[in-house]
Amino acid sequence: MEIKNFINGEFVSGRSSNIEAVISPVDGEPIATYHPSTIHDLEEIIATATEAQKKWQTTTLKERVQVFYKYKSMLEKNINFLSDIIVRENGKIFSEAKAEIEKAIELCEFACALPQFAHGETEEVSAGVQCTSERYPIGLVASIVPFNFPSMVPHWTIMNAIALGNAFILKPSEKVPVSAQYIAKYLKEAGLPDGIFSIINGGSDVVEMICDDPKIKAVTFVGSTKIAALVYKRCTANLKQVLALGGAKNHIILSPDAHQEMAAANIVASMSGCAGQRCMAAATLLAVGNCDQIIEKIVNEAKKIQCGNNLGAVISKEAKNRIENYITEAEKQGAKILSDGRNATVTGKEQGFYVGPTIIDHATPDMAVAREEIFGPVLTIIRCKTIEEALAIENSNPYGNACSVFTQSGSIASYVSKKASAGMCGVNIGVPVPREPFGFGGWNQSKFGSGDITGKSSIEFWTKAKKTTVKWNPEAGINWMS
Amino acid sequence: MEIKNFINGEFVSGRSSNIEAVISPVDGEPIATYHPSTIHDLEEIIATATEAQKKWQTTTLKERVQVFYKYKSMLEKNINFLSDIIVRENGKIFSEAKAEIEKAIELCEFACALPQFAHGETEEVSAGVQCTSERYPIGLVASIVPFNFPSMVPHWTIMNAIALGNAFILKPSEKVPVSAQYIAKYLKEAGLPDGIFSIINGGSDVVEMICDDPKIKAVTFVGSTKIAALVYKRCTANLKQVLALGGAKNHIILSPDAHQEMAAANIVASMSGCAGQRCMAAATLLAVGNCDQIIEKIVNEAKKIQCGNNLGAVISKEAKNRIENYITEAEKQGAKILSDGRNATVTGKEQGFYVGPTIIDHATPDMAVAREEIFGPVLTIIRCKTIEEALAIENSNPYGNACSVFTQSGSIASYVSKKASAGMCGVNIGVPVPREPFGFGGWNQSKFGSGDITGKSSIEFWTKAKKTTVKWNPEAGINWMS
Amino acid sequence: MEIKNFINGEFVSGRSSNIEAVISPVDGEPIATYHPSTIHDLEEIIATATEAQKKWQTTTLKERVQVFYKYKSMLEKNINFLSDIIVRENGKIFSEAKAEIEKAIELCEFACALPQFAHGETEEVSAGVQCTSERYPIGLVASIVPFNFPSMVPHWTIMNAIALGNAFILKPSEKVPVSAQYIAKYLKEAGLPDGIFSIINGGSDVVEMICDDPKIKAVTFVGSTKIAALVYKRCTANLKQVLALGGAKNHIILSPDAHQEMAAANIVASMSGCAGQRCMAAATLLAVGNCDQIIEKIVNEAKKIQCGNNLGAVISKEAKNRIENYITEAEKQGAKILSDGRNATVTGKEQGFYVGPTIIDHATPDMAVAREEIFGPVLTIIRCKTIEEALAIENSNPYGNACSVFTQSGSIASYVSKKASAGMCGVNIGVPVPREPFGFGGWNQSKFGSGDITGKSSIEFWTKAKKTTVKWNPEAGINWMS
Amino acid sequence: MEIKNFINGEFVSGRSSNIEAVISPVDGEPIATYHPSTIHDLEEIIATATEAQKKWQTTTLKERVQVFYKYKSMLEKNINFLSDIIVRENGKIFSEAKAEIEKAIELCEFACALPQFAHGETEEVSAGVQCTSERYPIGLVASIVPFNFPSMVPHWTIMNAIALGNAFILKPSEKVPVSAQYIAKYLKEAGLPDGIFSIINGGSDVVEMICDDPKIKAVTFVGSTKIAALVYKRCTANLKQVLALGGAKNHIILSPDAHQEMAAANIVASMSGCAGQRCMAAATLLAVGNCDQIIEKIVNEAKKIQCGNNLGAVISKEAKNRIENYITEAEKQGAKILSDGRNATVTGKEQGFYVGPTIIDHATPDMAVAREEIFGPVLTIIRCKTIEEALAIENSNPYGNACSVFTQSGSIASYVSKKASAGMCGVNIGVPVPREPFGFGGWNQSKFGSGDITGKSSIEFWTKAKKTTVKWNPEAGINWMS
């Protein structure tokens, strides 16, 4: 299969003569190729998208969302097919892939609802003077998305941005560009006019082109904190709006009064789901007081997990190596490996990139496994004496995506939720991803820019407000003498 | 075809041994029969609906609206079929019938959007004290609907009430009970659990039963002002919530600077659409200053309209007689009949109930045609010297559904919109029905009760708020010593 | 002091030649007299208020709320003076009286904020067609208020109704009409135009006049369920809008894991505050499992309370007798009186109407003390085996104002809050009165009508929406050739 | 008078040993001096503000806004005194100065209202799973403000940012630092805790320090587009949030059907108010068709204006020269000077910086006076044949603050409002500044960043959302067996 750009409603090859391969993490096999894009590809997209947007913005919000009602039906009907594609390109297991499409459907619902609440406001602000505020699209916008959610993360922005009247450019991860091809295909079939949704394939040079072109007015990025910061700076240096989501190191604060089975199952699901390659994954467990029984249960849960069965692959050989090195390093530093995922293989898929579920106990806050984003199925346990001590560790980490607490106490739940320095907190939930209409977004170095990337913040981000103040001469023409 | 009650997911005949016929206004032919309901039918509905609602209210709003996404698709797919049914039972023309289904689809969209904005609110109201307000369903509710919109008016309430967690009883007009049968069928096919939507057929005795039973917590009614007042009083005498929409006598204020063709076409469409049988129809034209040219164009437009072609039947022989009597009486009182719709017939449908488009000029405000709701394709013109004089006439009428102004002047448009005593005003629009998310509802004797019947008022009407104030002991359990 | 009506900005005596006395519950002394009103007083109010409202509604919401900024300052400056008046007329203790004024101040803040969020909404609903919804006042409205909160309950409605453009009539309780005199005085000093706020003094005949006059468009009532139902029916029989708040029998579900001191102190404060004369008072304690230690602490707390010191008087001799009879009856039926408030007296105020804090244990659900609203400082304890059993008792009571749970468990708190059949729930809070912007309102027989009496529901209740749909001919005048 | 920094509740001199003078434009006299700040001043502010904010954020929004109720009263009481200060330091006339304080009062009202609508949201997103979103402050923030509104522009951000829980640093314009001193004084007297509001005086080096320090999390800037772009880039290079408002070149589209007197008076007021030194000033008049009569009236209106009487000074000698050069240049290029404001002087204030009202007719779109922001009382007229031609000129200008149309036609008003490329549009209003709750903000190069600087966008900008997802084990503890 050749992955193509999507320009003005047509799939066309990138202009670079190079050919790049897309490798499936499941078995290390190549599954597709693509020609990277050049600046001329982007310019063509910008030209056609700009033209298409001029017309698109003259339609009403109520009309525009009709596309997404149809698109939602298509996602529902083709959910298994689309999930299989994700499995193949990303390596996650089927249920995880399916959850991406389910979230995409939910995001459709949010976009479809926009006409009911993203309306203007109006008030008589002084006698005979009426002020009104209404939303207008920004124009041409783009999203740069990561490899770990080939379908969900693009859907975070596509529908809201387009429903609100913009033309949209997607730059998929060059590691997982397949799902995006079907997004384009289905949107077109759902009735989206040509030019409103475009795809440009490529790597970091394409990212830079997007940052630099002033005709693209707003950009979202999702990826590592390092690149998020670069994109944030480069887009704003070109006077764009930008929202850039970065990495994470999420903490779970485990109180000894937690429901043991519920906690153990949730924590293991959180650390190992999507092979730990999600910015909402549990990374560090701050076990307060005597949590030995629960940790034992966690280890038992972890041992039930089998690579290739209920644990997918990590994205690449490099990723596998990086993760395993973290484990080895922690071991050298004196941490205790309760469950060891190194050297995992799956029969019949020996060339796939697998790491088993790994539990590292008795880590200290200064170890790399406790501080850095590993992005693999690895849980690092630090023992703490008090909730306050656990919170101090959580608060001092530079990221701020997620933090959960497991407890049966209303006080502890409330206290930790309030004090955690994270945008998304959970109580007895290991992956506290907000569902619509609540927005997705972290704090601190997990996000640069104002607002969340989904939910009601989207309305602010993807539009600009026109405020109109009107005064009529109240006497004019009231008495017709003619 | 036998029209049946819909109880617990099944169609069952009413318990009365009587058989009543449903007559098509198109040609006077019987098209269906039904057994009226007895109190035992209602009791069975109440019992099954109450039970079903207990479970329904434990589901989330997000889950509940999924039914209406499916239902919307079904309406879209079957729009022609459903429109034909409306034509047959009500007598309106196909495009008018289709507009009912289109509005039903739009009402679905509003209901589907509820999870995105009908959520709770929360705030820390004092140190450590969190107050939250969330919506709970009322329980068992009912709507009593009129003959003029067999499908649209039921849809005003069904989806919002059900989405918000209630069980719903529909009492269709005994003149047009057919469309409701398909609402029941499609809702079930869309996945609505049995017992959540019920139909009870019958006449005024069934209305009284609904008003009287205390287990039905809230009722909406749409019909004449006289019956609306009776239903309002009888429901509240039983301590229910009720919203009762009544009749109308809508005014159009015509300024001589109006765009002539646009005004004439719109005004005629407004007075003759649905054969004038809508509470939003133009009834009285207040022609300000010299509007002779526009009135000439209005008459020309009216004369283009042909019964049975672009003008449907009125609901019954009695209605036809009533309307014609109004015209005759006005003529006797000295008004001038510019276009006379009396004695209209349609070839091949000689037993149908038709009245042609009627324009009565030089009426005075005290004539019955200028004061009373005719509910037929009749426009009564009163000549006025000034906008103020026109507004005085409009303001003094006891109803308050709609009022439009035709003008090119921003001042006049703004002034009339502000001063009109009507819930729904139009500028250069003859039938100013608000589209979603804006609510439908008149003022004065056109509506009894607070709020509108659709739109965001629905959330207030169909739910009750639970306010929860929570305080946790902030010290409890923060320091684990064990 | 003579209590007067307030009509068109002036204090004038009621037209009845009778003279009635106002008795202070503190010591049984007369503190004021008044002439009751006749229908002619009400007619004069209606005439002047109707006229004043016509002008008031032409001002903007932003202008109107300026009165309440000033009024808030005046309440703050005179809080001690106003609290003393409440103490004298109602019998409650100073801190309780002061809390009324503090709440009035908070209600001012809500009204002052209305221009920032009670604005209109607007959207382009189809190409070139703009729909807008804006709020208009209803006209002339009235509130009928009870004796237990002479200042707070009037303030629930006065400011919102007036800010939203209405003219307002207050019918104070004839037992406590003094505070209202100062409301009138201060509102006038704060700049409210004459005629916008009126007072009519009198008893049930004045209530009936208000219900009957069709020129009063909306009425709120706060009092017993019996009278609330009568007012609801009588107002609606006259086609008014009405919201009528009735009585209560509030339950506290006590879980044995509750924080003992916190629970005991809160529960006693809730049952004895305002001498139990509040519709939010704790009435029945549903003690689940082994709560003996907490109940012991409750009794100890109760014994610290002294009439005339930290417990005020009840409103009348009749009230005192009624309350004591309830206790005596329960004792006869076998309940155990752990703390006995009968025969309380306060030295120096022997003619005051006092009942001490009373704890009745081992009551059964069928006893009058467990079922009926006592409206005195009496807590009835029923022992339950499970939370479910406690909820079943709570759910089966006909009222639905408040229900609290005391527990340290997040699960129990969440479960009880969700399952309780009450509009206002508390967790570890004995008197869960929602603070602004959350509305006050119960469920079931504690409230008749839709929505809450304060908070955002006020906007819906005190206004009617005008929906305006506008279409301009887009070509007109774009090209000026002249 | 020595202008000082305001640090931790105290006025202290800047650490630089230099002394700078503040010159009054009214008469060229020095009115104050100050020591510029060094990095050590900023570091001290950051340290104290950071500490103070930790405590401030633990208070509730309801508590925090109490400061601004008091502050509003103080502004009201001292409005004349504060206006005089503005006159002296900025040179505008008294009524214009007073309008700044009136707007500050209105901005207070918006901040005071925040607890009523800036609350959290909550919903049961799946069975037993509750998601809640609440606003948390960002921490330490700063605003850098321009010379043209010494009091109003600071108030755009101070109250909202502080009410929402942040600590705030103000960098006043070094040309007009006096008003800020009184802001500090009054806020402290109103009860604002020390450290929450700070002032740092100085020039561009202080701006750079603010941009660079990572402990300041969000910055707003108001000034020229050139500096706005620099600040936007420099703040984001340090990973901050920033909103930077720049310059403008506002167009008025004059339709020949406009009300002549109303248009003329408004347009002249718009171009000459605040001596044209406002980003909302009318700059270019696009006169469509035959507007000769209206232009004549404009010139007559302009000639009624007298420097020093109803026209204030411009900020500096340099500004005066720059403005006069623009006029001279336009004259050379062939434009016609209908009213010439060059060489204006005011008797007794010969050293003041005055420019009279200037009307330049028959300019062409390519002239500097038609393209560049003059920031003086100069109106440039371009004659156009059609509304479309006028809109094309407006649309092609790089700024996008304001655009007004003068017409009596509803069509033209609606068409121009919709098509203008500006954030703030007016109909028959020359200075269409939105009043609260509507936000202030332009489009294109008039603003960098997302959202508006006032109004509801403030909530998004000054806070970050914490989304909390909670799940309790519903069975836990329901049945107490002990």
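Order of writing sets the chain letters: A, B, C and D. Residues in each chain are counted from 1.
Convention: a residue touches a chain if its C-beta (ideal position, glycine included) is under 8 Å from a C-beta of that chain, and two chains touch if they have at least 3 such contacts.
The shown structure was predicted, so the numbers you read here are calculated from the model rather than taken from an experiment.
Graph distance from chain B to chain D, where chains that touch are one step apart, equals 1. Ranked by separation of Cα centres from chain A, the top chain is C. Looking at A-D alongside C-D, one finds more C-beta pairs in contact between the chains of A-D.
With centres set at the average Cα position, the gap from chain A to chain C is 48 Å. One simple way to say how far apart two chains are is to compare their mean CA positions; for chain A and chain D this gives 36 Å. Spacing of chain C relative to chain D, judged by their CA centroids, is 44 angstrom. Chain contacts: chain D has residues 62, 115, 119, 121, 123, 125-126, 132, 407-411, 413, 427, 435-437, 470, 472-473, 476-477 touching two or more partner chains. Viewed as a contact network, the protein chains are fully connected, with every chain touching every other. Partner chain D is touched in their complex by these residues of chain B: 58-63, 115, 119-127, 132, 134, 407-411, 413, 427. Chain contact summary for the complex, chain B toward chain A: residues 62, 69, 72-73, 109-110, 112-113, 115-117, 119, 130, 255-257, 288-290, 385-388, 407, 409-412, 414-415, 435-437, 470, 472-482. Residues of chain B that touch chain C in their complex: 121, 123, 125-126, 129, 131-133, 218, 229, 232-233, 236-237, 239, 241-242, 259, 262, 408, 413, 417, 422-429, 432-441, 443, 445, 448-452, 455, 457, 460-461, 464-473, 476-477.
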